[in-house]
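A, B, C and D are the chain letters, set down in written order, and residue numbers restart from 1 in every chain.
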Amino acid sequence: MKQPAIRPLPLRAFNQLAPTSYTGHLHALLDDWQAVRQATLALIQALDTEDLNLQSMAEASPGKWHLAHTTWFFETFLLANYQLDYQWYEPAYCELFNSYYNEIGEQYARARRHLLSRPRVSEVLAYRKHVDAAVPDLLRQLAGTNRDAQALESCLRLLVLGLNHEQQHQELLITDLQHALSHNPLAPAICAPLPPQPDSGALNWIAMPSGVARIGGPTDQRFCFDNETPVHRHLLHNDYALSSRPINNAEYLEFINAGGYDQHQHWHSDGWAWCQKHAQGAPLYWRQRQRQWHHFTLAGELPLDLQAPVTHLNWYEASAYATWRGYRLPTETEWEHAAQALPVEQGQFAETGAWQPCMPGQTGSESVLRGMFGHVWEWTSSPYIPYPGYRQPKGAIGEYNGKFMANQYVLKGGSCASPQSHLRSSYRNFFYPQDRWQFTGLRLARDI
Amino acid sequence: MKQPAIRPLPLRAFNQLAPTSYTGHLHALLDDWQAVRQATLALIQALDTEDLNLQSMAEASPGKWHLAHTTWFFETFLLANYQLDYQWYEPAYCELFNSYYNEIGEQYARARRHLLSRPRVSEVLAYRKHVDAAVPDLLRQLAGTNRDAQALESCLRLLVLGLNHEQQHQELLITDLQHALSHNPLAPAICAPLPPQPDSGALNWIAMPSGVARIGGPTDQRFCFDNETPVHRHLLHNDYALSSRPINNAEYLEFINAGGYDQHQHWHSDGWAWCQKHAQGAPLYWRQRQRQWHHFTLAGELPLDLQAPVTHLNWYEASAYATWRGYRLPTETEWEHAAQALPVEQGQFAETGAWQPCMPGQTGSESVLRGMFGHVWEWTSSPYIPYPGYRQPKGAIGEYNGKFMANQYVLKGGSCASPQSHLRSSYRNFFYPQDRWQFTGLRLARDI
Amino acid sequence: MKQPAIRPLPLRAFNQLAPTSYTGHLHALLDDWQAVRQATLALIQALDTEDLNLQSMAEASPGKWHLAHTTWFFETFLLANYQLDYQWYEPAYCELFNSYYNEIGEQYARARRHLLSRPRVSEVLAYRKHVDAAVPDLLRQLAGTNRDAQALESCLRLLVLGLNHEQQHQELLITDLQHALSHNPLAPAICAPLPPQPDSGALNWIAMPSGVARIGGPTDQRFCFDNETPVHRHLLHNDYALSSRPINNAEYLEFINAGGYDQHQHWHSDGWAWCQKHAQGAPLYWRQRQRQWHHFTLAGELPLDLQAPVTHLNWYEASAYATWRGYRLPTETEWEHAAQALPVEQGQFAETGAWQPCMPGQTGSESVLRGMFGHVWEWTSSPYIPYPGYRQPKGAIGEYNGKFMANQYVLKGGSCASPQSHLRSSYRNFFYPQDRWQFTGLRLARDI
Amino acid sequence: MKQPAIRPLPLRAFNQLAPTSYTGHLHALLDDWQAVRQATLALIQALDTEDLNLQSMAEASPGKWHLAHTTWFFETFLLANYQLDYQWYEPAYCELFNSYYNEIGEQYARARRHLLSRPRVSEVLAYRKHVDAAVPDLLRQLAGTNRDAQALESCLRLLVLGLNHEQQHQELLITDLQHALSHNPLAPAICAPLPPQPDSGALNWIAMPSGVARIGGPTDQRFCFDNETPVHRHLLHNDYALSSRPINNAEYLEFINAGGYDQHQHWHSDGWAWCQKHAQGAPLYWRQRQRQWHHFTLAGELPLDLQAPVTHLNWYEASAYATWRGYRLPTETEWEHAAQALPVEQGQFAETGAWQPCMPGQTGSESVLRGMFGHVWEWTSSPYIPYPGYRQPKGAIGEYNGKFMANQYVLKGGSCASPQSHLRSSYRNFFYPQDRWQFTGLRLARDI
C-alpha cells in the first residue's frame, strides 16, 4: 500500500485574513495557492489513471473531473475575467468542466462524466499546470502594474473562494472514489487501515443553556461562504444537551439488532418509504459475511470496528436512530452554539491520509464535547434554508450556494476527509436526506 | 349545472370548545358530528358514481375512497377501540381504507385505489350510514352507563380529531377530483363558474414589527392539531411587510411573459430541474387556446380571469415569482404573527360551493391584509419541521402529522375548498415543493 | 350471482358468406349486425357501472371504452365515410375512442382511459343506440336508392370487418376486466364457477406427416383478416406430433414443484430476465393460501382445479414448460395444418358465459386432437410476421394488423372468451411474449 | 493519428478444417490461436488505457472487459476443464468476466462493468499472457502424452469455438468503443478517415428464382455456430430480387427529407413508438451542424459521405425505409440463397483498420450483387428463431446462442468491423430491433 504523503495544511492566510486585507498579503496568498493546489495532487498519488475515471452515480464525479473542474473554476472566474485578451486553454472545457453554473453556459450531462476518456488524465494535469502558472502571473501583473487595485482585490476574493472550493472538491474526490470502488468485488484499497480503536468511553450529556445565540459568519472578519451570512441572533428555546461524542458502530448495531430497520415507528414517512424501496438494513458499505459485519473502506473491506464512529448514514437513518433512543438530532443552531468555543484543530482531518473516521480520544474530563470537528459530519435536524436577511451574491457566483437552499439538510463539523483549514463552527454543509456516501454520522441531542 | 346546496358551516362546538370540556357538551358535539358528516355528502351531490371512482395519480384518491376512509377512521379509532365486542362492518375494509397508519396494519396500494370498483359507491354509503348510527350510539352509551368517564373523554377527543380529519378530506375530495377531471378533454364541470372578478386593487405593503412572536397552538384552549404545538416564542429578526393581498393572475402572467420559466436565475436548483424535466411554463390547469389563456376549473375550462388570485402554483413557482419580483415568500412565523388578530370568517371557503378562488374584496383602508384566510393557500418559505419541544402523540394517532415532518413546506390560511370552521392562524398545512394540485397561491414578503 | 343470459351465436352469414356476395344478403347481415351488437351488451349484464370504468394497465381498457370504441369504428368507417353530410354524434369522441389509427387522427392516451368518467356509461349506451340505428339506415338507403352499388359493397365489407372487430373486443372486455378485478382483495365474481373438471385423460401424441401444407386464408371464399392472407404453401420439414390436448394445471404444477422457475436452463434469456425482474413463480392469477394453490377467476378466487387447462401463461412460460418436458411449442404452420380438418364448434366459447377454461371432454378414440378450438389460446413458437406476398390494405384499415407484425407471437384456436363464430383454423391471434392476461395456454409438439 | 497495423487475417485453418480433422492439424490451429489472439491486441494499439475503460450503456462493454472476457472463455472452458489440478489465475475473475453463462455461475452486473478500475488494463494484459501460454501448453500436453484423444479433440473444438468467439468480441470492442466515444464533444478519433467515396452506381435489381433452397450449415464440413444448424430445405415462394448494393446515405437522406420520420405509415407500431419516444429523425451518430449533416465515426466527426452505405440503422428504420420505397427487407433465406455462390473475400473487413463502411466498388457487370459480405450488416425481415430440428448443445456452451432465440432479428453478411475469416453465407448475426450501434445497414428486396 502506497500511502499518500500529505502534509498537514493547518489554518492559513486564505482562511485567516480579513477579506479587506487580501491585497496586503499577496505573497501569503500565493503560498496558499500553491499549497492547496498541491494538496489536491497529493490526494491522487495512490490512484491509478483508471481509478480517476470512475463514476458510480450522477451525484459523484470522476477524480479526473474534479481535477479539471477546480481548475476550470480559476480559469473561468479569474483568468477569463481579468486577463486581457485571455485565450481559453481549450474552449470545449468550458462546457465539459462547468458543474452547475447556468450563468456561464451549458454543462455536459452530469451523469455521463465517466464517458470522457478524453481529455486524458495527463492532459488534465497539463491543464492544471497551465492554470497553476497563469493565475500567479495574473495576480502579480495586477499588483505590479497597479493597473487596477479594485481588480486585484476582486481577483483575490475569487482566489480565496476558489481555494475553499478546491478544498470541497478534495473531500468529494475521496468520497466519490470510495463510492465507485465499493462496486468492485476486489475491494481495492488506496490507503492503510486504521488501527483498532480504543474504547469510545461513555456517552455523556453536555448541557447548554437556552437563550439568544449569535449565529453565522463571518466571525473575526475571516472568510466564510455566503450561506453562513449574515450573523444573526437565534432564540434557543430550551436548555439542551448534546452527547459528548458521536455515536459509534456498537451503538448503531444495537439499533439494527433491535429491528430498527423493520419498525416504522422510528422513521419519517419518506425515510420509511426509502427503507422499503431499497430494502435497507444497515449503513452504506456495511456487509455481512458469515454473520460478521464488515465495512468497505478506502483501506478495503475490513471487519467492522465497533468503537469507531458510525458513518455513511443518511438523514433518515440518523433521525430514526435518535428517535429510537428517545432523543433527537440537534438543530444546527444548537450545534453551532455549542461548538463556537471549541478548537477546530483537535479533530481528525483529510491530511492524515487515512480516510476512515477514528473516534476522538477520551480526555480527562467527562464534561467536554469530543470530536465536534473532523471525524464525521454530523447531521442536524435543520433544513438548509437561508438565514434571515441572507442575500444571494450577484452573477454566476451567486449560484454557488443559494439555489440549493431547498430540500437539503445541514451537516456540521467536517469529517476525516475534510481539510482542516476549511472548517469553522459556522460552516454549513448540506446534502439531501437520502444521501449517505459522505462521511456522515450523528451526535444526539435532547431538551433538558 | 346542479349546484350543490351546501349550507355554511361556521365555527362550531368541536372547534370552539376546550378539549377538557368535551364531556359536558355531548349534545353539541353530536350535532357537529351530524353536520360534518352531512357536509361530506353535500359535496358529492353534483357528482356521478363514475366521477367518484376517478384517481389520476398516487397522491390523489377517488372520492369514493375519501368517503370510505373518513368512515374507517371513526370505525377504527372509536368503534373498534371502545365498543364492547365490536364486529367490523367488513373486515377487508380495514386494509382497503387505511391510508397510512402502519400501526393499524397493512394498506392497500395507494396508487391503485381506482381499481376498487367494489365496494360500490352505494355500498360505501351504506357503510357510512352504519357508522353514522353506531358512533352516536357508542357515545350515548358511554355517557349513559357512566361506565367509564375516561373512555368517554378519550372518545370525544377522537371524535373531534375525526371531524377535523373529515374536513381535510372534504377539501382533498374536491382538489383530487379537479385533478382527475382535468384529464378529460370534455372538461366536465361540477359547479357554476364565478362571475368576473372586479379589480384586485393595488398591491400594498403592510408593515409588521420585528420582535418576539408567540407562535403555535392551542390558543384559547381550543382544538388544534399536534403539529401546531407547543406554543412557543420565536424571534422575528427584522421588521417586515406582507403584500396586502394574494398575487393575481395578471401579475403572474407578467412573470410568464417576461420569460420567467426560461430564466434559471429566479429558481432553486431543484425547481429549475423540475421546470426542465416537465417542460413547464404556466401554473397547473392553465391552457393556451389561440393565444388566449384559459384555465381548467371545477366549473369547466374558462378564460383566465386576470383579477382572480393565481393558484395551482407549486413552491418552486411561488418562490421563483417572488424572487423575480425582488421579494420573497413570508416565513410561517411572519405569516402567523400577522394573521393572529384577523377574523377567519371573512374569507372564501368550501361552503360557497364555488370551488374557484375569488379575490378578496377591497376595503376602505389600504393598510389591511386582505384574504389571509380562505381563497388560496399561501406558500411560506418554511420547511415543515417540528416546533421546539414538539412531542409526537403515542400510538397510531401519532402517525397523523409527525412522520411527515421532512421534505415538505408549510402553507397557511386555507382555501376556497377548505371548510371555514376548520381554520385558524396557527393551522399548518404542508405539501411537497413540487405539488400544485391544491388551491395554492402566494403573498409576497420583504424585509423593511 | 346474476349469470349473463348469452345465447349461443354460432357461425353466421357475416363469417360464412363470400365477400363478393354480401350485397345479395343484406338482410342476413343486418340480422348479424343486431346479433353481434346485442352480444356485446349481453356481456355487461352482470357488471356495474363502476366495473365498466376500471383500467389496470395501459394494455387493457375499461369496458366502457370497449363499448364506445366498437361503436366509434362503425361511425368512423361507415357513417362518416358513406352517409351524406353526416354529423358526428359528438366530435370529441373521434379522439377519445380512436384506439391506434394514426391515419384517422390523434388518440387519447391509452394508459389514461380510466380517467374518462365522462361520457358516462349511460351516455355511451346512448351513443351505441344512435349508431345501432344509423348503420342499418345507411345500408338500406344505399341498397334502396341503388345510388352506388360499389358504396354498398364497400360498406358491407366494412360492416363485416367491424363485426369481427367487435367480437375481438368482446373477448378483450372480459379479459381486461379480469385483470382489473384481480387487484381487488374482495375478489369480485361476475359469473358462476365451473363444476370440478373430470380427469383430463392421458396426454397422447397425435402424429402428422411432413410435406407441403397449404396455409392461410381465405378458404372457401369466407371472411378472413388480412393477416391470414395470402394462402400459400409451407414446407413442413419433419413428421411431427402434437399432444392430444392442452396441458392441464396438474402438469404445469409439476414444473413449478420441480423448481422450473428457478432453473435458467429452460428459459430464453429474455424470459429468464422477466422471471428475475418480476420474481415470478406461477401463472398470472395463481395465489398460494396456506400452501394451497388458488386462482383468481371471473367467478372469484377458487381452489385451483388441477384438471383444467393451465392458462394465463406468457410465451416465455409456455416455452420453458415445453423445454423442461423435453419437447417444444408447435409452429403456427404445424398447428394450422393439424387443425384444418377439425370442426370449430366442439370447443368451449364465450357464449357459455362461464369465462374459465374447461378441459375438452375425452372421446372414445385416443388418436384425436381435443380442444384445438376454444378453451385456451395456444402459444406457437412462431413470431407474428407477414406471410409471403402479404400486402397491407390501403388507408386506415391497413393499420388494423400489419403494423403489429413485429415482436409478437402467434396464438391459435381461440379461448373460452372468444365468440364461436369468430374462429377458424387460419385465424392468427398475436400478443407480446410477456403478455399473459388473455386465456393463454399451450399444447406440446415434437419431431418424430 | 496512429493507425493500427493490422495484418489481414484471411480464411485460416480454424475456419476451414472439418471439426473431425482438428487433431491432425494441431500446429495450424496453434498458429491460428496466436494470430487471433494477436489480432485482438492489434485492435487496441491506438487506444489509451482510459478509452479501454469506457462503457456507455448496458449492452456495450469496456474494451478492457472484452480483453478479459475472451481470455476467461479459454480459461473456463479449456484450462479449468482439461488441465489437471488447474489453479484459477484469479478466482474473482470467474464472476467478473463471465458474460451470461448461468451454468458457470453468477455474473457481475453487466451495466456496471465500467466500475471495474481493477484489474487494471496492465493486469488484464498479464492475464491474457498467462492464458496465451497455458492453452498451447495444455494442448501439446494432451497431444504428447496421448493421454486422452477424446480430450484433445474436445479441447480443439472448444479452441475453435473460442477463436470464433474472440473474433465476435473484436467487432464488439470496436462498435462499443464508437458508442462510448460518441458521447464526447471532443469527438476523439482512433483511426484515419476514409477517402471520399466514388459514385455508388445505380441500384439495380438482381433476380433470383423461387424454389426450394438449401439453407444453414455446416457446409463443406467447416466450422459453423450451432445456430446455423441443421442444414435444411426452405421453400422460397416467389421469384424475388435483391438490390445490387446496400442503400447509401444519399438515398437514405431522401427518406429523411421526405419526412419519413414523421409519417407513421412506413413504420411498425413499435417502431413508431420508438421514434416518438426518442424523438428520432436520423440514424445514430448523424448530427446536423449549420444545416449540414455530419456523422460521428471512429475517425472523428466528419461530413456525411453521401456515397457511403448508410449505417447505424435499427430494424425499425431499415424496415420503414424499405416500406417507404415500396419494397421490403429480404428474408434471411432469400439473402443466404443469393449469397451462397459469392466469395467472402471481396468485402471490406476489420483488417483494413478503417472502421467505417465504404461502398463496394462497381464492377463491369450490372447483374452482380455487390457488397454482400463486409461493409455493413444487412437487416433481414426474419426473426431470429431456431431452424427446424435445431438442438441446443448441452451444458454451458448451449447458452451461447440458443437462449437468445426470441425477440431479435437476423442480420447477414458482416461489416467493416468483422474479421474476414469469421464470415460465411450461413452466418446468422442477431440484434434487437431497436439496436443500432453496430454497423447495420440494409439492402432492398421485392417479389417479382
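Convention: contacts are C-beta pairs under 8 Å (C-beta built on N, C-alpha and C of every residue); 3 or more make two chains touch, one makes a residue touch a chain.
Owing to the predicted nature of the structure, the values given are computational and were not obtained by experimental measurement.
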Practice item. Could you tell me which chains are in contact with subunit C and with subunit D alike? Key: none
Practice item. Can you check how far apart subunit B and subunit D are, centre to centre, with Cα atoms defining each centre and the answer in Å? Key: 61
Exercise for review: Find the geometric centre of each of subunit B and subunit C from their Cα atoms only, then give the gap between the two centres in Å, rounded to an integer.
Suggested key: 47
Review point. So, what's the distance in Å between the C-alpha centres of subunit B and subunit A?
Key: 39
Exercise for review: Identify all positions of subunit A at which a residue touches two or more other chains, and write them in rising order.
Suggested key: none
Check your understanding: For this entry, which pairs of chains touch?
Key -> A-B, A-D, B-C, C-D
Check your understanding: Can you name the residues of subunit A that touch subunit B in the complex?
Key -> 100, 102-103, 212, 232-235, 237-238, 264-265, 267-272, 315-316, 319, 381-383, 385, 388-389, 403-407, 433, 447
**Study point:** subunit B partner contacts - residues on subunit C that touch it in the complex
**Key:** 48-51, 53-54, 56, 92, 95-96, 108, 112, 114-121, 180-181, 183-186, 188
